[in-house]
Amino acid sequence: MADVAIVGAGQTVFSRSCGVSIRELAFDAFQEALEGLDITTSDIDASIICSAPEYDKQRSPAGLISEYLELTPKPSFYVETVCSSSSTGLRVAWSLVKSGLHKVVAVIGFQKMSELSSRDAAERMGRGADIIWESPFGLTMPAGYAMYARAHMDKYGTTEEHLAKVRVKNSHYGATNPKANYRKELSLEDILKSDMITTPLKKFDCCANADGASCVIVARGDVAKGISEKPIWVMGLGAATDTMTMAGRKQLTGLQCAQEAARQAYKMAGVKPQDIDVAEVHDCFTVSEILAYEDLGFAKPGEGAGLIEDKETYADGKIPVNVDGGLLSKGHPIGATGGSQIRTIVRQLRGQATEAQVKGAEIGLVHNIGGIGQYGNVTILRR
Amino acid sequence: MADVAIVGAGQTVFSRSCGVSIRELAFDAFQEALEGLDITTSDIDASIICSAPEYDKQRSPAGLISEYLELTPKPSFYVETVCSSSSTGLRVAWSLVKSGLHKVVAVIGFQKMSELSSRDAAERMGRGADIIWESPFGLTMPAGYAMYARAHMDKYGTTEEHLAKVRVKNSHYGATNPKANYRKELSLEDILKSDMITTPLKKFDCCANADGASCVIVARGDVAKGISEKPIWVMGLGAATDTMTMAGRKQLTGLQCAQEAARQAYKMAGVKPQDIDVAEVHDCFTVSEILAYEDLGFAKPGEGAGLIEDKETYADGKIPVNVDGGLLSKGHPIGATGGSQIRTIVRQLRGQATEAQVKGAEIGLVHNIGGIGQYGNVTILRR
Amino acid sequence: MGFENFGTVSFTTEAKAADFITYLEQGKVMATRCPKCGVSYFPPKADCPSCLSGEVEWFEIKGKGKLATYTIVNYGPSGFENDAPYILALGEFEGGIQIMARLSKDIASSDIEAGMSLVVVPLKRPEGRISYEFKKG
Amino acid sequence: MGFENFGTVSFTTEAKAADFITYLEQGKVMATRCPKCGVSYFPPKADCPSCLSGEVEWFEIKGKGKLATYTIVNYGPSGFENDAPYILALGEFEGGIQIMARLSKDIASSDIEAGMSLVVVPLKRPEGRISYEFKKG
């Protein structure tokens, strides 16, 4: 029986350029996460600050954000797995609580990507791969995912239209999400005719950089029941790592880190893919969502494209996925993304989603990937 | 009763310039940590990678090091509290094990500070304080500690000679530590006549940048007994955070984050300062060691200088401190430092210290501080 | 206007708290206070973590403080080479406000002593940059 | 000699595995193998994590591989602007070795297909930099 719960979840609007400092961004997410909770700042026993440090001008932002939110003298530290940093933060928060060290822990993710010039940002892109062996060839995040896309197409017949249909769906839901950066509905044609970035991925197959923050408050079961009317229980946690290099990958048609993380999470939660009522998956690229369908067991290997073709991942489909618009619509402020995904599932399970509420959702799943499939994180939550 | 143990601890030689890559540096520490243990790499359930990211050219080194050490597909992530990153790593590893998620966890700390030009390194120095409010004045790590030193001198009569005597002791022990970067014995005069960096701290009051890695292997109690002949038990863990800004500090004659971390660790371990047989404290500057004496309760507030004056922190004194030479002799490869401190205490408690073994040491303490007193970590270990 | 001309080197520019700079240009060193719960903040915060309000008001730091501690920095980090030596100090002011700033070049090092009386005043630097510093109070 | 002239942009230079570059200058693309436990590594490792030995030996990657996947990159990151478009590919070679490199400019994009035969060869770039690439095998 789960005895660690999420009692609050908040996020800022994700935008191309927030115009405020990272501490102020964090405050806004923190404020939303504490809304309606019967606690104050001083009830938080520890904080975990999550981001990708290459975008921070501030060294060691954990101390800075702790001071701004008056979380001192409670322990605070920084956790990172690139794009899945705040899911890793949730895993660590869970273990801090479960181990008995703490009762209430805040997981705060943020990224202010607009702080860097686009040239500096592009330089960081180049250092995301193995800097000795693969960065010198010009490997980037889109190129890595593009190689997965190509392999999937060659093996299973997935097409560029299938990829585009993921974006059609996500742009449809993103249009009504007030926290999303990109809120325009896109047609299949818009997407297919957009600029080719790295074959077969086009501009609209890719999510965009953003500024934003998220916050998730985790509490011990007994405490959770006392402070929140609708605690959401952490049922399963999975995490796995794959090689940094593309050369080391043993499978090119799916992310092994996600498959392994899913296996762990389902096992711990005691549920199966067909038990999931609503899911958030890491659609940094359209292809990533199709890989996720298969890696999570929503479709068999090679049958992910069929799921979007049949619209089964729409809100009224067999397994609604990214009905908040996903990273493709919301934008991807690296350290904040996992927390935003968790927030969506928490709201779905509480029946509080203002946009596309999946009726009667009881069990939800978050799939959050760091890097080009380096870090896989799967979290299963229950109302 | 403690049921989480340290089963292995290793470190590289700390040097000004290691000439190898960070992954290879990590390998050397990992190799030493696993020496004599009845496990292989595949028995390690998770890894925590610790460093200060400003010195890394590689983005997200956790994935890189995981691949090099073949720790994939097990989860791996990055943890940071500047200079105390690997003590934070130990705390997180403890909770991952205690919570039941994992049985064996590796904590790998590293830093290759020589990777940056000295100009780039100095630029990082400037961003270690609050970059909006205090960095623009030119606040650096030495200047922050110097302000603590001045306040301590003014209030308690501590002198520059007292500070220098800490370095005399630490250089004495460092001279025989084969892992230390600085292995020359220094006289009181050498130290007092060295270049003034930031009053009252002189060149030899300061530790130096270094390259190095450390590794600590943590295991669940029952597993620990099976794989190690001499497991060292984790009895107490304390962690606290103080404000990023100097303006926010409520006490200038001691580090509140260390006092609070010590209180937690003693309470959890059920021991008192006088029960500690040997300690490693964070002597990034000579004054830091004197503050640590008081913050840890080895001396009353204001009486720290007396402890070094009376040589009570030498190996044959009342409370031996930094008898491996401390950061002042070893050098301070930021992310690796905590693990190196832990390694020294593990070797002391096992009776395996090759240099200054404290006879019959049963209980040891590690005090590891991040930043200018932002992050305090105290760990109590028992043989 | 943001923090782009604040201090010797600005490491970041944007913040909700940037009104501080507008006031500083007008000759005032300001802190913030939460009108709901009364807590005051220096460095100024644009939000109140005590009551989670996003509304704060500005007030000027007036009166005399006293020197809590200081250090004469002989080597500055990158960008500060021409400033060194400079004296960093912490001053305690009314209402529990503590400020870190430099001691004015007017103050001879032989005159510096713990507890000495200080005021905090804006400092327009020759290159068009702006800051604040401590003078004898 | 380290990795300072490897690829289009070198992000770091020092490594125990830098003998790779010496061999590359001699026209050989090499991997490492642990003589104790027989495991082989590409990218080459200077240590063997399988048996924790720090001793490895070098061997040349010979023979033909086949194209596993690829992408035509139209926009490179900083420093790669002049290279784009370039084609990144993964090739599978004997003994479970997989290599990431670029496809040679000799290969017309219309000729590229999954499974095509490849060899990996050193590439001396005009600016004195060195790399390796896939040619038709």
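In order of appearance the chains are A, B, C and D, and numbering begins at 1 in each one.
Keep in mind that, in the parts below, a contact is a pair of C-beta atoms (placed from the backbone, for glycine too) under 8 Å apart; a residue touches a chain by one contact, two chains touch by 3 or more.
This one's a predicted model, so the numbers in the text were calculated from it and none came from an experiment.
Note on connectivity: the fewest steps through touching chains from chain C to chain D is 2. The chain pair with the larger count of C-beta pairs in contact, out of A-D and B-D, is A-D. Mean C-alpha position of chain B lies 32 Å from that of chain C. Mean C-alpha positions place chain A and chain C at a centre distance of 39 Å. Of all residues in chain B, those touching 2 or more other chains are 21, 57-58, 127, 130-132, 245, 248, listed in ascending order. Multi-chain contact residues of chain D (touching two or more other chains) are listed as 11-12, 15, 17.
The touching residues of chain B, when paired with chain A in their complex, are 21, 46, 52-54, 57-60, 62-64, 66-67, 71-82, 88, 91-92, 94-96, 98-101, 124, 127-128, 130-132, 237, 239-245, 248, 256-257, 260, 370-371, 374-375. Of all the residues in chain D, the ones that touch chain A in their complex are 3, 6-12, 15, 17, 42-43, 68-80, 83-84, 86, 88-90, 98-102, 114, 131. Chain D meets chain B in the complex at residues 11-12, 14-17, 45-47, 49-50, 52, 54. Put simply, chain A touches chain D in their complex at residues 119, 122-123, 125-127, 130-140, 143, 146-151, 154, 195-201, 245-249, 252.
By the touch criterion stated above, chain B contacts chain D in their complex at residues 18-21, 24, 27-28, 30-31, 34, 41, 57-58, 68-70, 115.
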